[in-house]
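Note that subunit A is present in both complexes that follow, paired respectively with subunit B and with subunit C.
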Partner chain A sequence: MKKLKNDGTAVNSALLRRPIQRWFPLFLLPTVVAFIIGFVYPFFQGIYLSFCKFTTTSDAAFNGISNYLNALKDATFVHAFWYTALYAVVSLLIINILAFLIAYVLTQGIKGSNLFRTVFFMPNLIGGIVLGYIWSMIFDGILSRYGTSILLETKYGFWGLIILMCWQQIGYMMIIYIAGLQAVPEDLIEAAKIDGATKWQTLIHVTIPNVMPSITICTFLTLTNGFKLFDQNLALTGGQPFSFMADGTIVKTTEMLALNIYNTFYGQSASARGVAQAKAVLFFILVAVISLIQLKTTKEKEVQQ
Partner chain B sequence: MAAQTKKAGQSLAGERRNKNILTVIFGVIAVIYVLPILLVLMNSFKANTFVKTNTFDWPNADTFVGWANYIKGMTFGNYPFIKSVTYSLIITLVSSALILLCTSMAAWYIARVDSFICRVCYYLFVFSMIVPFQMVMFTLSKTADTLKLNTPVTIPIVYLGFGAGLAVFMFTGFVKSLPLEIEEAAAIDGCNPVQTYFLVIFPMLRPTMISVGILEIMWIWNDYLLPYLVLDRTKYMTIPIHIQYLQGSYGAVDLGAIMALITISIIPIIVFYLTCQKYIIKGVAAGAVKG
Partner chain C sequence: MKKKNVLALMLVGSMCATLFAGCGSTSTASSDTKEETKEETTTEATTETADAAEDTASGSGSVYWLNFKPEADEALQGIAATYTEQTGVEVKVVTAASGTYEQTLTSEMDKSAAPTLFVIGNQGSVSTWGDYAIDLKGTDVYNELNTDSFTLYDADGKAVSIGYCYESYGIIVNKTLLAQAGYSIDDITNFETLKAVADDIHARAAELGFDAFTSSGMDDSSSWRFSGHLANLPLYYEEQADGWTEAPSEIKGTYLEYFKNVWDLYTTDTAIDKSTLATGGYDAEAEFKNGEAVFYQNGTWEYSALSEVYSNDELSMIPIYCGADGEENAGLCSGTENCWAVNAKASEEDQKATLDFMYWLVTSEEGTKMMAEQFGAIPYKGAAESDNVFLADSNRLLSEGKYNVDWAFNYTPNVDEWRAGVVAAMNQYDAGGDWSTVETAFVQGWATQYAAANQ
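What follows is the complex of A and B.
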């Protein structure tokens, strides 16, 4: 079927292709030029600079892989990696479980479902910086009664960020889960009921296997969102509290990967920019690997269906 | 038989009761869910010192300051807030319009011409979707600076470049599903490609335009790091930059004034959301493929 359609396209579009091709400067060129300025050139220059010592783009001097070695030796980077990974896994579990539960209840035909959907989705539209300051006000309002602050303890910063991200993302994931749940064929549920399955059995053996594609999408979305988190992290704690290591390095205990890269770039010493760019490349590889695994999982699922 | 009907009736009534209980529970959760926004509103009318100590109290005679925070917030930090709002609006609207127009044209070209170069471009666009901003932020801000793209009027070019991936991906997918016969009919009737695009294709792209447009507006309006690094900060700020600047680097933090500014910046978002809710939810769900 697919093959046939492709052949058809090839024959028919001869009529269309040639004239369109002549309009290349109008149709494709503007986007491609902007894409080269905004992505392609900075991307490849970034890879090149990760092998250089530099303070600005014009004074780069090649120095091999030493930036990468320094990045991996950097205690703050290693700490940020584990902190981010822990955050990503915890937020993935909490957000997905809660979002699925809410979506499941809202598809059971309870009164006010549409209103609840509207309310739960709303925080998603508020930007990360603003979200950070809203919640820092709330957390400090609570914690100041006990004479402390979100900036004083790592665990407050961690759970604070989890609560913040739940508030922002549950609504988004809920929408995807609702779409998945509504696509489960009604007759499958009906059949399970006639066969005497309890609600719980129907959920585990019929509903969940049928919404696996939604679960995959949401799992990876929360995972990559977790790894790429920046604005909320900057606004809520900005990396505080700091802990001082024996060798004089300052580890910002709630600093995540993206913020760590940013601070290395624009921190006090401009000589660390090569290391920062190397960290950025490693960060990119990490995110790309997660995305590739996602692509593979989704493809496999499609084959099975 | 009668007993069975009775039992069924009971379980039906039970189910209805359970559903009502769920509605009540969700009602409570929904109230808790909007509480943070109400707290911001409430605290925007309190004097600075009380925001931290009396966060959860209703404003009273001691704490209430009326519109003072709003008036102060307008010029707080030696930068008029109204300028940030204007720049945010200009940047968001111009960038989104530019992205919608350019990438939909590019996507049509890619889908219809389908040459080797088109495929290379397409895969590069798709690839750019998985690259985090931190990877290019230093080099991109330097490039934009060299090319003088650091003003609110020129930054849309940077947004077009960095944001093209998702838009081209979504438009190409949609264009490929359009039947060729319509365009062939247009060509036979004497349309040149520009006419075909604007008179035939453009109207058909509407649903995807809305989805992509909403995703881009939400992204650019809330974006902090890209404009922060690219714009000439001594002259131009957007709302997120302004709020971060007041909280972060400005000497005496006035929480009351910040809450007032946050209230002002949230109101347009909520109005926008409540008016085009249906499209927003659909658009966001369509963008989920991004991953």
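What follows is the complex of A and C.
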């Protein structure tokens, strides 16, 4: 083996490397501790609390799986689940299709592309609650001309939220798609052109397979964002309109899962806090499973460059 | 391929992390608000905490009051400083941001330095927080009460919390404008006369330059005036008829007609189009201050804001007349949600320090003066006079032998959820829907929430 010339200053010198190898746990410690305090402990505490009856988290009494049974029996939770699922799917499709289209157009060398990119990205910088209230005024400004309001029809609330989230998220996804599109090798596209492929064929068979990693990320983000949506939902409709079922259940027709959990926790008596916690754990499992499935299916379609 | 696995793992990790932020938001969000409030309220919060900790260690006890009225915060900070100056006992006052009391209380109670003095304002809150409160019966401050009607008891008869002030609400009248329209408050003695006056003012609104009622916005900043306070009327008359002694598991809604009467009046005799109420965004207080309307349903707590513009002679508060039989004899709706509870999990020294502080507030000169200024009427023997004209109206009506309309809504199960349902139904009604939706939300909603709260 050739002996390396070592004057003790090279980055890979044994003098530098050995202490790092020996002491790396010490350097990792702050991060690990922060991770445990901020993530690991609360996560398991949360799971534990879902099996408890409690008013404050430090003072909980174990009560088995009854919280889970109550959560699953809760018609509002079931409604919120299906409503959220519908919302997530619709917003996933619309946001990604539009974001991709805009990204595609803005990578065609149009004048002022940078300006457009900046403008489209900007809605992301506004907080969800503020957006919700602003858009509720915009929608009502229009709907009040027809003697109605976004709070009065479930479909207005649904599409209102879709429009709001499209407005907010398309710019963000667009940036990711632009990065992906710019990374598609020129020579591949040129080769396709020489082979006589039309623009459409180039897009479908060359460009899209090559931006699959971006599509994976964007669908992942929009899907999880859709499921976790809270601020905008709270500010735009807060669950209105309600529908009053024959058995006395009150279903907040535009209430999504996260808001349902929040309302269960704070809107009801202490006995419901464990139920809200159980809902939150179910919610976690649900989102985790769905995103894993989504990641797996989209990643299978990625091509290696 | 390996790279991709790593990528996938990272994505899943980041997903978990973001998700987790969702799960944990209950506590983090409220501690955020708490931090904000803390900064707003006490700049020396940290030093005070440190001092408090030292005091506890040395065994003298300290007070930590989690206040729920943002408007009283400034005065409370002052009175806390005065008390510390006089007795050397540390008093820390933290105010929860408007509408976040429950969240703030939940996170604060989890801490080692939990509030020693907090608010349990209604029966629902008693069932949630009752275990955290000591029995106040027989304490010095309890013995200073001049009435037991604001004391909240749990099922075992423990005095969980005692009122530290009470409030009245009704219809605030701008007497100057009313006179301009050619009426005086003596013309209004029941729902019919109220409606006649309001209808007439509304009909002549263009000529008079003002309308009868201020806006009745149904956004969160205003809807409680109706889903909470106005809804008290049908609840009160049902309470009287059926003799409630505890929260009923279901109600009949026998007197909902009264609620409809008044609501129709509010939404008709006003300059505001009722189809726009659902989203709200109106400021009824400003409308009243600008002299845009004669009547404004609100309570004694509005006095300090309105007295900036109007003199005592121009303001009056009349009962909310709703069409009940014999309502000529009705007084204002008086009651309270402001009830002190002392933390049962605090150390004995802290409990004692807290009880001493409460006693001082309702007996000492500075204490009672501040209480009268900030909270109006307090139900204690040594109460100081208040110049709040609405309270004077309330007391005058009672001394004339009119009956007090108590706060029957304190029985409401899962009060926020129940009210949210009523608001949603009222919005549908305002948009041309059927009144039966409101009835369902009112009656069936009660039964549903009662079942949910007592499962």
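Basically, the second predicted complex is superposed on the first by the 247 of 305 C-alpha atoms of A that agree within 3 Å, B and C clash if a C-alpha of one lies under 4 Å from a C-alpha of the other, contacts with A are read in each partner's own complex, and residues count from 1 in each chain.
Basically, contacts are C-beta pairs under 8 Å (C-beta built on N, C-alpha and C of every residue); 3 or more make two chains touch, one makes a residue touch a chain.
Here the structure is a predicted model, which means the values were calculated and not measured.
Q: Give the label of whichever partner, subunit B or subunit C, reaches more residues of subunit A.
A: Tallying touched residues of subunit A, the top partner is B.
Q: So in the superposed three-chain picture, is A:Thr56 touching just subunit B, just subunit C, both, or none of them (first/second/both/neither)?
A: Both partners, subunit B and subunit C.
Q: Does subunit B (first) or subunit C (second) touch A:Gly267, or do both, or does neither?
A: The answer is second: A:Gly267 touches subunit C but not subunit B.
Q: Considering only touches as defined above, state whether A:Val89 meets subunit B (first), subunit C (second), both or neither.
A: A:Val89: touches no partner chain.
Q: First (subunit B), second (subunit C), both or neither: which does A:Phe116 touch?
A: first
Q: First (subunit B), second (subunit C), both or neither: which does A:Leu125 touch?
A: The first partner, subunit B, only.
Q: State whether A:Asn70 touches subunit B only (first), subunit C only (second), both chains, or neither.
A: A:Asn70 contacts subunit C only, not subunit B.
Q: In the overlay, answer first, second, both or neither for which of subunit B and subunit C A:Thr148 touches.
A: second
Q: Determine, under the contact definition given at the top, whether A:Met137 touches first (subunit B), second (subunit C), both, or neither.
A: Touch status of A:Met137: both partners.
Q: Taking the superposition on A as described, I'd like to know which of subunit B and subunit C A:Thr224 touches: first, second, both or neither.
A: both
Q: Could you give the residue numbers on subunit A that contact subunit B in one complex and subunit C in the other?
A: After superposing on chain A, subunit A residues 39, 42-43, 46, 56-57, 137, 140, 144, 217, 220, 224, 228, 230, 238, 258, 262, 265, 280-281, 283-284, 287-288, 291, 295 contact both subunit B and subunit C.
Q: Which of the residues in subunit A end up touching subunit B in this complex?
A: 8-9, 12-13, 15-17, 19-24, 26-28, 30-32, 34-43, 45-46, 49, 56-57, 105-106, 108-112, 115-130, 133-135, 137-138, 140-142, 144, 167, 172, 175-176, 179, 217, 220-221, 224, 228, 230-231, 234-235, 238, 258, 261-262, 265, 273, 276-277, 280-281, 283-284, 287-288, 291, 294-295
Q: Give every residue of subunit A touching subunit C within the complex, in rising order.
A: 39, 42-43, 46, 55-59, 70, 136-137, 140, 144, 147-152, 217, 220, 224, 228, 230, 238-242, 244, 248-250, 252, 258, 262-263, 265-272, 280-281, 283-284, 287-288, 291-292, 295, 299, 302
Q: Quick check on the complex: what are the subunit C residues that touch subunit A?
A: Residues 4, 8, 11-12, 15-20, 22-27, 102-103, 106, 109-110, 124, 127-129, 131-132, 273, 275-276, 278-279, 281, 345, 413-414, 416-417, 420-421, 423-425, 427-428, 431-432, 437, 440-441, 444-445, 447-449, 451-455 of subunit C touch subunit A in their complex.
Q: Can you list the subunit B residues touching subunit A in their complex?
A: That would be residues 19-20, 22-23, 26-27, 29-30, 33-34, 36-37, 39-40, 43, 51-53, 55-56, 102-103, 105-106, 108-110, 112-115, 118, 121, 124-125, 128, 130-140, 142-144, 147, 149, 157-165, 168, 180-181, 183-184, 187-188, 192-194, 197, 218, 221-225, 239-240, 243-244, 247-248, 255, 258-259, 262, 265-266, 269-270, 272-274, 277, 280-281, 284-285, 288-289, 291 of subunit B.
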